[in-house]
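Here's a structure for you.
Labels run A, B, C and D following the written order; every chain starts at residue 1.
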Amino acid sequence: MSELRINLTKGISLFKYNKKAFIGFIIILFYVLMAIFGRYIVPLSLESNFSERYLAPSLKHPFGTDYFGIDIFAQIVNGARTVIGLSMTSSFFAVLIGTILGILRGYLTGKIGQLVDAIISIFLVIPSFPALLIMAAIFADSNLNMVQISLIVALWLWAPLAKQVSAQVMSIKSKEFIEASKMLNMPLYYIVFKDIFPLVAPYILVNFAMQLKGAMEFTIGLMFLGLAKFDSTHWGIMLNYALYQAGALYTPRAFHYPFFIILNIILLIYGGIIFAQGLEETFNPKLRGHE
Amino acid sequence: MKKTLIKIFVLFMSLTLIFSSFNFSFAATKKTSDLKLASDWPYPFHGNPFGPGAVGGAWWFVYEPFAYYIPQTGQYIPRLAEKWTINGSKLTVYLRKNAKWSDGRAFTAQDVVNTVAFIQAMWQWPYEIQTVRAINPNTVEFTLWKDAPTSFMHTILTDGAMGSLVPYHVYSKWYGQARQVAELGKKIFYDTQSGKTVSDETKKQYEKLSSALRDQVNKFSPYKTLKRMPVVGAYEPTKIIQSEMVLSKNKYHWLANKNTTERVVFRRWSSNEFVWASLVSGELDAAHPNMPKDVVEQLKFINPNLNVKTVSDLSEIALIFNFNNKLFKDLNLRKAIAYVIDKNKVKDVSVWQANPAGQYYTGVLSSMQSKWVNSATLSKMTKYTTSAASAENILKKAGYTKKDNQWYTPSNEPVEFVLSVYGPHNDWVLAAREVVQQLNKFGFKVEMKLIPDGMRDQVMRSGEYECAIEFGSAWWGYPHPMTGYARLYQWDIANITAFPSKEKFNTPWGEYSPFDLVEELRVNINNSKKATEIIQKLAYITNEYLPVVPLFEKVLPIYYSSARLTGWPSAQDGRWSLAPGGIERLYNLLITEGVLKAK
Amino acid sequence: MKFILNRLIYLLFVLFIAISGIFFLINKMPGDPAYGLAVSISQQRNMDINKALEIAHQMMGIDTGEPLFIRYVKFLNQFIRGNIGYSTYYQTTVNEIVAKSLPWTLLVVFISILISFIIGVYLGAFSAQKRGRAVDISISFVSSIIQAIPPFVLAVLILFVGAIKLRIIPLGGAYPVDMEPSLSMDFIISVIKHAIGPIVAISIPQIAVWTLAMRGNTPQIMEEDYIRFAMIRGVKDSTIARKYIRNNAILPLVASLAIAFGYMLGGNTLVESIFNYPGIGFYFGKAIALRDYGLLTGLFSLIVVGVIIATFLAEIIYSLIDPRVKVK
Amino acid sequence: MMKALLKVENLSAHYIVKEGTIKAANNINLEIAENSVTAVVGESASGKSTLIEAITMSLPPNGRISSGKVFYKDNDILKSDYEHLRKIRWTEIAYVPQAAQQSLNPTMKVIDHFVDTVKSHNIKWSNHEIRERASELLKLVRLEPGTVLDSFPNQLSGGMKQRVLIALALLFDPKILILDEPTSALDVITQAHIVKLLKEIKKNRDITIIFITHDIAIAAELADYIVVIYGGHVIEKADTIKIFKEPKHPYTKGLINSIMSILSKDDEPKGIKGDPPSLLNPPPGCKFHPRCQFASEICKKEVPDLIKLDDSSKVACFLYKSAGGDVDE
């Protein structure tokens, strides 16, 4: 029982032993730093220069220039802010909602438990991306800020997590020490936060990293389809420009244009995936035995 | 057990793959007498001309207007009509004697009368036609309503719906009903227009009758009920699936002998990439997608048979202002914006093939300006050559100040606003992006906002924007400056911008309200001397008071392939200008007359 | 049996709530379905947009005055009768549109899921067996990368490379217009040929997803006592890998299979549009763009029904192959 | 004493974990006589399972055998190749591990477990023959073959599963049957059933049984010999009657007294004070010395050897070295 608790603290020290988690962490950290400090280091000029479009990568333009003749590297760096901001907050909210409802569903029995279960089931059966499109259209003309957009995205991301968490909680709650707490008449919040939460915490952390991918795809998709507020350096918008507006795939000398955007998107998602995989291996003793 | 299933499946898949690679051929439509195009149409296909989407891209192939009008030459090419005469408010059309429906029945004046009754009943339009009667089987006489503009004659002659939309022998069942609804609708319309009150009872009766008719007619789908759709045009839709639509030659068409193209095959225009890909691989003979410059060069390189001809779309893309916003009520600011924007750069980034907006913003399309606005007028007007200095002068004179590269109004508020643009229109988005960039650089704080798919109308009409990219002057329907001015001062642009067009504006010829000028122009449209005079005044007001700032004149790029077809007109040929507002007209004209044919 | 019945009633309840939510959500969507039509009318007939809008409303039979709740009751009433709506744009029942498009989507989705699941499960199990070796590392690396590629990017790439550069796949559509749908070999081959583009675009990322999921599941299974007991019994390695490890590692994936199925029903909007493929996703995209509320509600409900059926089937299959469920 | 069927010499095994090395079996010497029943007794985590796993070469992936030999019919099993080992397993030595609840594949019917096992040993029995054989064995363990064979494991109760495992183990009439905690996690009535069953098997078959238990009462009931394990060491080995009558090692005494105290009305608690040693950081010397009331200085420094006291009993305790026992090699 306390074994898992120990794992949580040990996990952090074990962190350095797991290469995957480490690399994933470095990639994410790299982009987070880019998001925070990038715009102070790499200045962005959005002034178009049509005659200098599609310049190949060079020292002056590490990623080349785009259809407007604007430096792609500077746009990627400056766009990291919205990309990271949106996907991080979205996954945070998704994990928050998923955890709370998941624990409630797992712990509570009776009418309220069934109600929570029904809510989870409903969100599970509604396909998320189409629903998100509709939500975005509904709120499209009401100037949403980043937190609100993240909430809308998170609304369609949390359900699978909640289901998994509730399954975990259900298997934990039958354990003796919870029974003991119940017999001691401990208040609900005590049981949930002191007894159950620490046990599912590593699991949630892993999921946070996993959610990054979903959140990235959703937010990029939203921007890509022009349903969220326009930020011309958001990678989704950049990709939209590259593929649909500029038709870069059909222009051999523009190959670098979508390439570097996709590269960065993939690298960030990849970072999230292997970070999650690494964390999972670190926290899950069963997986660890095989290293 | 499971394993065997999987094995069988894998075997099956690989077998089919091997099979399929054996007899591999591109779409079986290798017939050389096909014309292959891209378009959109409703599927499941109803063939109902009153249904939304109607017959899609087939429209101009299956419905014939009385005549085609070539804007560049001002010439009418007779189609269903052999000739026509105009006598005051009467238009007499002499129908082609050898015109037949595709099921072999003769096309008569009765069909025209029937069509007008039906569209008036179904669409509550065109009430401008007060009566239509068949003088004899080959002659129809239209009488215009007294207040209808004479330009409506043009609409009657060139609109594809007017003559052959509703075959009498197919729709005769509802003719009486349609007639009744149309007459009642006309009466209500005329009464309302002349200020009389219409009783609720009449209105209710109209609603009842018209919805009863609409229910029946909309449910009737000729394509499904009759298994065919008798049409008077050169082609009849015969086979329709979601991704392709086949039109087969009407062998009774009066030009059937000249026409050597057996079929018109449409592929669905599902995405621009798809059309690009189809053009490159020779799957299409012609299409008109927006294409960035480099893509065009590359496509021409891969498919050397590809040519491009650009024709004016008879419209311009403009920056429009919300005049309820006090920032834009100031003419000085609008003028400054007009000076700041580098139109050529905007054009390059947005649609490289477009015509630049020119240096005068007269409301007359820049490609037509020399024809309508005389040099004497031009010399009186402000010339908007891109110049930040001129803009600064105007602003400083008006009391604006600049601090830290940010302009402030005389009342010391920062000049900041949001530019809204309709997301799905790529070229607009690109133009907006460039405009925002230029204005920001000058020292206005401008942000950009995308209007989501399907929301353009909502945002524009509710006035929930500060400034936007929209069509400015546009000459669709009736290719004449009047159409553009009507848009700017009476219709949609006036509605959404709230430009005070009824106010009087100072001109070298005195004070005029543009709203009244447009009315006057409408009345005098056939009086070319008077019309030109009025146009000079409107041009002056438009240029000096800037209801909108034009960015570029939109063009339609037509990509056509000479791989399988011969006879495409030369680049100078006026017939290309038939394309805007119905590009299929151009193809139909060329193939029915046997100009364009298979090699 | 009682378990199945209970689940069925529960899922019907979930379905009811979900489609009600969808109905109100969709009808909250701003925009005017008649706008696109109105614009073309106003352009063609040189008419004021307001007038054109009025005409467009009449043409589409849009009654703006009816209260939402009445429409909701009507919708439910029709829905129960199996009539999932009326498309204002296509002027026909959604059922008809579904009948014409669902088979294509199902074809693509089924084949994609089957191919990606089979390949993914094999690759994942293989990778897990070789855990830590070069093969495993490269498989999981490539899978993680592929998983991160958005499918619509892949679709544009496949269209360009497959149809233009290499000319090995036909350009769009489900079958050539000159062919009559039949059960002839020619037609079937043509259908498969046309479906290859979308199938590949959808399958490739899915393969990566299943590979990673399977690879992630397997080590936990390897720790199970029954694997050890099988080894102690001297059961052959190949038998253990197949009957003991893979069959048990697949179980948790079956549940995800249902979710993937639902996601694919509506999630292929972009892919289908890029390939001009006449499936549900194509109409779904159209319905959103055109604000065709009837079509949108109908298709959305259909997708939800699809997910629920898939979930239900998954549960039954799950209980068939994993007897533990029955005991519950 | 009869001929030793299985002979363990100086066997040591350990586990590698992140925190270090767990020495779970140290320098173990054992001889198992043919057709005898031996009980390996010890507290949980005393290394008794490790001993069995090392003997059968079925340690978990992080377990290692560091030294020693295991002779079965005079062949060192530890040196045989994997394929040979696989063949010996189950035909000669059948080992039923602990945790019967999870030892059957939940996605397979009971009969398929028999089929897989037979097929894997290249025995040419038809499916029908396998079914007959399985039915016969299930009847032996008092199960109804008709229903059980076609059931999935989760349709069976814990006791039924344990009996299925035993039936499975008897599939090829192995020479040695090794059972790890065959009765733990079962209710008392089922325990009694299993014990009865094992007694019958012992009586009716030529078979050598080794079983692990922490329940000394069951050991007393079933076993001919008892091996006591403490802290990874064998500390005492004797025949059952003797060990109960006259336990030698202080730990064994405590262990036996703890049952006796339940039986007798003595109100003085006889349980052993203190906690069992951690195998990760075991105390030096005799692993029992921190809990031993007789501990002397030498106990803290040196590990006592197993001393042969008489024909059937051996003990590892310095108390008896001075008493003049012989060191067992």
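FYI, contacts are C-beta pairs under 8 Å (C-beta built on N, C-alpha and C of every residue); 3 or more make two chains touch, one makes a residue touch a chain.
Protein names from UniProt, one per chain: B = Extracellular solute-binding protein, family 5; C = (GlcNAc)2 ABC transporter, permease component 1; D = Oligopeptide transport ATP-binding protein OppD (TC 3.A.1.5.1).
Remember, it's a predicted structure, so these values are computed and weren't measured experimentally.
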| item | value |
| --- | --- |
| Chain at the geometric heart of the assembly (C-alpha centres) | C |
| Higher-contact pair (C-beta pairs counted), A-C versus B-C | B-C |
| Separation of mean Cα positions, chain D and chain B [Å, integer] | 90 |
| Whole-Å separation of chain centres (CA-atom averages), chain A against chain C | 23 |
| Centroid distance [mean C-alpha coordinates] between chain C and chain B, Å | 37 |
| Interchain centroid distance [CA atoms averaged], chain C/chain D, Å | 55 |
| Shared-contact residues (touching 2 or more other chains) in chain C | 30-31, 156, 160, 288 |
| Sites on chain A at which at least two other chains make contact | 137, 140-141, 243, 249-250, 289-290 |
| Two or more partner chains touched - positions in chain B | 273, 280, 424, 453-455, 458 |
| In the complex with chain A, residue positions of chain B that touch it | 272-273, 276, 280, 291-292, 294-295, 297-299, 345, 348-349, 423-424, 426, 429-430, 433-434, 437, 441, 448-455, 458-459, 464 |
| List of chain D residues in touch with chain C within their complex | 56, 58, 60, 86-91, 95-97, 99, 102-108, 112-113, 116-117, 119-121, 152-155, 165, 168 |
| For the chain A and chain B complex, residues of the former touching the latter | 46-48, 50, 53-54, 67-68, 136-137, 140-141, 225-227, 229-230, 232, 243-247, 249-254 |
| Of chain C, residues touching chain A in the complex | 10-11, 13-15, 17-18, 21-22, 25-26, 28-31, 131-132, 140, 144-145, 147-150, 153, 156-157, 160, 212, 216, 219-220, 222-223, 259, 262-263, 265-267, 269, 284, 288, 296, 300, 303-304, 307-308, 311 |
| Touch list for chain C against partner chain D, complex | 224-226, 228-236, 239, 243-244, 247-248, 251, 321-324, 326-327 |
